[in-house]
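Same chain, two partners: chain A is paired with chain B first, then with chain C.
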Partner chain A sequence: MSGTLGGYAGTVLRIDLSKEKVKKEELSREECAQYIGGRGRDAKVMFNEVPVNADPLGKDNILFISTGPITGLLGPTTGRVNVAARSPLTGIYGNSNAGTNFGPELKYAGYDCLIITGKADKPVYIAIDDDDVKIKDAKKLWGEGVFETTLALQDKLNGYETKVAACGPAAEKGVLFGSVIFDLWDAAGRTGMGTVMASKKLKAIAVTGRGELEVADPKRYRDIIEDGWLGLVNDPGFRMGEHQALGTSVCVGWGNAQGWLPTRNFRESVFEGADKISGEEFRDTISIKIAPVPGGRACMSCPNRCKRFGRIDSGKYAGTRGNIEFEGVAAFGSKCGVDDLKAVFHAYMLANDYGVDCVSCGNMIATFMELAEEGIINPKKSDGIDLRFGNADAMVEMVHRIANMEGKLGKLGATGADQATKKIGKGAEDYTTCIKGMDTIACDPRASKGFGFTFAVASRGSDHLRAHPVFEMIKLKDEVGQEMFGSEESCTLRGYGGKVNMVFYHENLSAVTDSMGTCRFMHASYYAQYPIPEIRAKYSRKKREVHSIKYHEWLSAATGLDIDYDELLRIGDRIINLERAINTRWGIRRKHDTLPKKFMKNPLPSGPAKGEVFSKKQLDKMLDEYYELRGWDKKTGLIHMKKLKDLEMDDVYQDLKKRNLIASSSKKKGGKTTKKTTKGRKK
Partner chain B sequence: MPACKICRQRIDLSITGVRAYKCKECGKGVCKDHYDFGRQICYNCAGLPITSGRVPFSFIRKSSDNS
Partner chain C sequence: MPKLTFNAEFCTGCRACELACSFKCDGVFSPSKSRIRVVKMDEEGIDVPVGCEHCDNAPCMLVCPVKAITEDKETGAVLLNHDTCIGCKECLAVCPFGAIHYDEDRKIYYKCDLCGGEPECVKWCETKAVNYYSDLDDLLRDRRTRRAEMTSRAMSESRFSSGGGSQ
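Our next item is the complex of A and B:
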């Protein structure tokens, strides 16, 4: 029962597309207390209900679209929505999180979560208008781009009051990294969730909600939120205002200066054309200018406005318009060696309209470019296209071909860089940057060790957002790093010291905030969350009143659950362990927690990080340390019984035990509280 | 953010100089493209031909050829 919990809408909507049945269920209070909502609760239901042998594109896979208890409430960045399913791209746990107004709208309609099972016989869309939930024919929309689909549904239903989640024609055709796009431009891009949606013949979900949400303790809630807002506006990063002025594209210049901007498929980490694709360039040439903050768009209740809106009025890409983010700029820009921002913007909007993940798509094209330059493939001969770094026209053309699965490279590219290079053979595998089947985002792990380690251990494949440890990039005082993570090196990009603790902390907190429905930027770009402002104040000469975002109090005041700071991080640890348990059933072991050869063997040739690699020896050492914290077996990567018991995950333990997937040692186990090591453990 | 009752385009009031125009006859809010400034009524009430204010911005190639 969730009857007494505040923040939640209180209802889960189960939609069986095979039987065309809609069922409303009450939210489980136990699941909320253990896993909060969003990412955490989705993982729990996935663990319980998705069969281990489920085909990611079959009817047994389940698609979750969920919110957290904070989604749609007042407070900084409460516009997040989570999408989860078994990934067709990686074959393991798949999930993606988007900032959009869809999540709040879903809650105003009265639902915390959509659980979509089965497979429709013909294309359909789901129309939710408060209590009224209908499965409708989408024959006319099938094959249409995301933009047309979204606008057509808004026209047909309640205009802009209707929020739409749609998959694109690429996902319909079977491109494995299809994305779910919310409200035209907000993508849940990673791990191919759009492809799962399309495999169910579900073209779109349109929601209109007019309800209200209540929190458990409104007065306390207001006070906590006020403190949180003040914590945020006092954060030095936020006060600098770069993010608000340039959006996430501020990272182009930043990454280039710090030497971690992936260039030419990670051959280098400094791009000579960075200025031409920077946030400043977008602001000056493409961004719509006559707004208070030029071209800024924001998710619900967000002061950050990190989305940049722009339009191209002339030239061969005239008419292109939409919303740009750093990851897309790097994927189609620096990774492909392209310094034509208009081409990059156009390719990015094409990716959104086709409904493909811009990161996977851009990385795939960059990989093809490198393979062509290395002479492993011959695109001119096979596909009649001059694929080489810097060729903007070829890059744009490849987006069309991959999304439509046209030609040899288009078909190969649609399977993602990991599978495509395996099919190509001839050593092509060495040129990918995939981990657990998913491409690396726009940060070179050789130059940024905390991010590198995050990529290696992330539950959905190479991914920065599982932790997003920007901590190492923002030049905090050494004492803050020492106190938070036990090493001053945690405040440096290239050092390894303290990075395991840093990733452990960030992963736990990120799991919690993804489950609550708030944005990563509030605690892993700006550091406004307790206890960091307090620690900073301790080492600051300026004495001023300290404010911070206290997630534990925020969650408690909203829901009525009694959660303290330690319990909050423990919930995060539980969610990470649950995701590990899911992945364990799908074959993930220690050997998969690694980095591509490229990052461990090829030193960076230039820039501030010249000569850097991510040392294999260091990685092994860090993994040992990390596994110790997580309570996982250092040899196999399986979870120890004690850890699951400590986290009160008995049902998970029973399931894994039945499958013989619990770490075998009975003496040495248990996670953070463990004192003994597994050295000398019998095999 | 209001939307034009004729073309359903969002009227972004955060942009300087942009506003919704209220039709004196039917009372509906419309964008500048569907407002007759002379008579201060919307295109519907004025009986003027209505063209969608939406600018096409989809550039995808609809290909059924997977050969």
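Our next item is the complex of A and C:
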């Protein structure tokens, strides 16, 4: 328990695998106040300690697995855990976040964060049982799938009370987008964190925790989380119940209707087979439970239960089981043109067991399919596989080949779509959707401009979760868009107006909640956070008591730090700037904040968004506007001194200055922009 | 008579009940201290909430040699008085639900006391997998209604699939 701050467990666990040494360190209060925890604090330690020339798969890279002050407490979603390292897939800042019971368990054991350095000589796993931390031999587990590994460790240790993080055999072999899988199916999938883990010869981490967590002000805390919980369950989206009923797979039907469901490697954005891979289909044919939550499972302290559990008992995919999410379904489904949900589910669960990111793996296969159809590669000749859109058997076979790095395509595919297409050449690059080396998730940016802009600027490469601006997809009153982001167009999918402000706000808040250990969906799917329910109420004819999640108060009551609403968003801005600083050292400039050619040149051929592109001109204009808000130089994308000073990041400034990576001063500098966008929303 | 119910079919495994319990009763967040536990069977996709059922013929009450465990006639709660308790652990051994707990810090045995009739775990259970009925009749009506709904749904679905034909 932290002597000074509430919420935190108070201890950082440093494990040096080269020397087999374990060190317990007191959590730095200063780092918590500046970067909160989780994603933010990991980035800070990464900035300080990972050498710029560190090989992502070498002993100098550091693997972080960490939680925030809210992880493991009671409140509207407290189950998130952050995994970070320099990414082997992209070569830049990598991190991935998972909703699981592992994070909370780590805190009950007494640790906020695992910092894993060095490299073991032979396969090991780490067993944490409260105070007792041991590095143990994992010879027998090496090569086993995630499923076997997890169950074997639970069996050996404390049964269901032991929570396990494991990497799979694909990561061991060196597939660059290996995932870390928690509790059997909860993946920190993106950016190859599992590959970093396996490169350290670390097969798994098993935690059992029996301790307790205290908050600074229990009475205030109880009031705040009750207010937040009511805000959430009264959110109009939550009350609709679709997400709870179908899980994130609700997006298959939803995306198809709105015209942003990526189909056949982003050739189209509506899928004729959407009904066959929908959330409803999964519920009716694969889920195991009946009413009222078929297969619905939740992370820690979450009323939303968006995970879907399913099981196939007969036929050629018999034995397949696990939790699904929309991203995997779209990656192996619509992106590959496959409308057989059982095959999609099977491929998805194979990816989990092999320990590869379902999004990158599905995208890779879809890219190969398109390249084959375009005649750029010939898989029949090179690998004896009939790779074309819609061929479910070939899709499943490719998962095996990529995970095992088998054959020509398997070896190529293991390097990810960006590197693979570069190696293929012959114009293959034009068929990927990679930004900064990472492939695009399941949303077509031509049809949803806010998401598109998020992809362009996200610090870990093409990624929606940095902002997750679902705001443009749901029916909010125009007045809310006007008041929050200065344009009614921010409530529409195809408009560009207000989108920069919207992404800026969403990014800042998301950086904070990732660092706290709470879930994106509470404030960027549902909009239960202050001040949105308040603004909604203002324009609603129905008068009722308004509840909302007040993250600033939540954080303050838990930790004892004094954080107001403006400060909260400023911390978010600080975290994003820190990630930018890290990326700057790894060569990221303005030219990397862009969208793939496909999205700017090829208009969508069909569906509700027919004819749409993401205009290059608009993107440039938006980037200018965004850089202005962030305090980055419009020409180079480097950070201005003034911004770093304003955000009290002097140490970061000194480091960048030493490396000559500060934007040269011109008349226009980044200012205190957070203030500007929050005006009018104070209590 | 009131009844606290546990229903695995409704449970999503979010463990809010565990946290609510330890927060209300001990002022901390600690599943291991909680009087209610959720057994997460991840490989089956099933979560089972387990806690004190406040049995009528509670085995813990029957085996207690010093009558430290008694029933509150009004709330139906089975209560453990740790001043009387001698720590023989007989109750731990006989309880089918693992509902008697030991607090290592305070060196006492403890169990659910229904929060005096307003169980905190129920307040935070979104799907009512943990529920509290102040009257058994309400519980039974609830169960019968649910059974009827399931039957009615099954009947209407089967009519659809067989094209309206029936014997």
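Going forward, the second predicted complex is superposed on the first by the 663 of 683 C-alpha atoms of A that agree within 3 Å, B and C clash if a C-alpha of one lies under 4 Å from a C-alpha of the other, contacts with A are read in each partner's own complex, and residues count from 1 in each chain.
Please note the rule applied: contacts are C-beta pairs under 8 Å (C-beta built on N, C-alpha and C of every residue); 3 or more make two chains touch, one makes a residue touch a chain.
What you are looking at is a predicted structure, and each value in this text was computed from that prediction instead of being measured.
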Partner chain(s) touched by A:L151 [first = chain B, second = chain C, both, neither]: both
Touching partner for A:G143 - first (chain B), second (chain C), both, neither: first
Contacts of A:D353 with chain B and chain C, given as first, second, both or neither: first
Touching partner for A:M300 - first (chain B), second (chain C), both, neither: second
Touching partner for A:Y108 - first (chain B), second (chain C), both, neither: second
Chain B versus chain C as contact partner of A:W185, first or second or both or neither: second
Per-residue contact with chain A, leading partner among chain C and chain B: C
Which superposed partner A:P169 touches (first chain B, second chain C, both, neither): first
First (chain B), second (chain C), both or neither touched by A:R321: both
A:E406 touches, of chain B and chain C: first, second, both or neither? first
Common interface positions of chain A, toward chain B and toward chain C: 147, 151, 160, 288, 290-292, 321-322
Residues of chain A defined as touching chain C within the complex: 72-74, 101, 104, 108, 147, 150-151, 160, 183-185, 209-215, 218, 222, 229, 233, 288-293, 295-303, 305, 309-311, 321-323
Residue numbers on chain A that touch chain B, as the complex places them: 143, 145, 147-148, 151, 154-155, 159-160, 168-169, 173, 288, 290-292, 319-322, 346, 349-350, 353-354, 400, 403-406, 411
Complex contacts: residues of chain B adjacent to chain A: 1, 3, 8, 10, 12, 14-17, 54-63, 65-66
Chain A-facing residues of chain C, complex: 9-10, 12-16, 19-20, 22-23, 26-33, 39-43, 45-47, 124, 126-127, 149-150
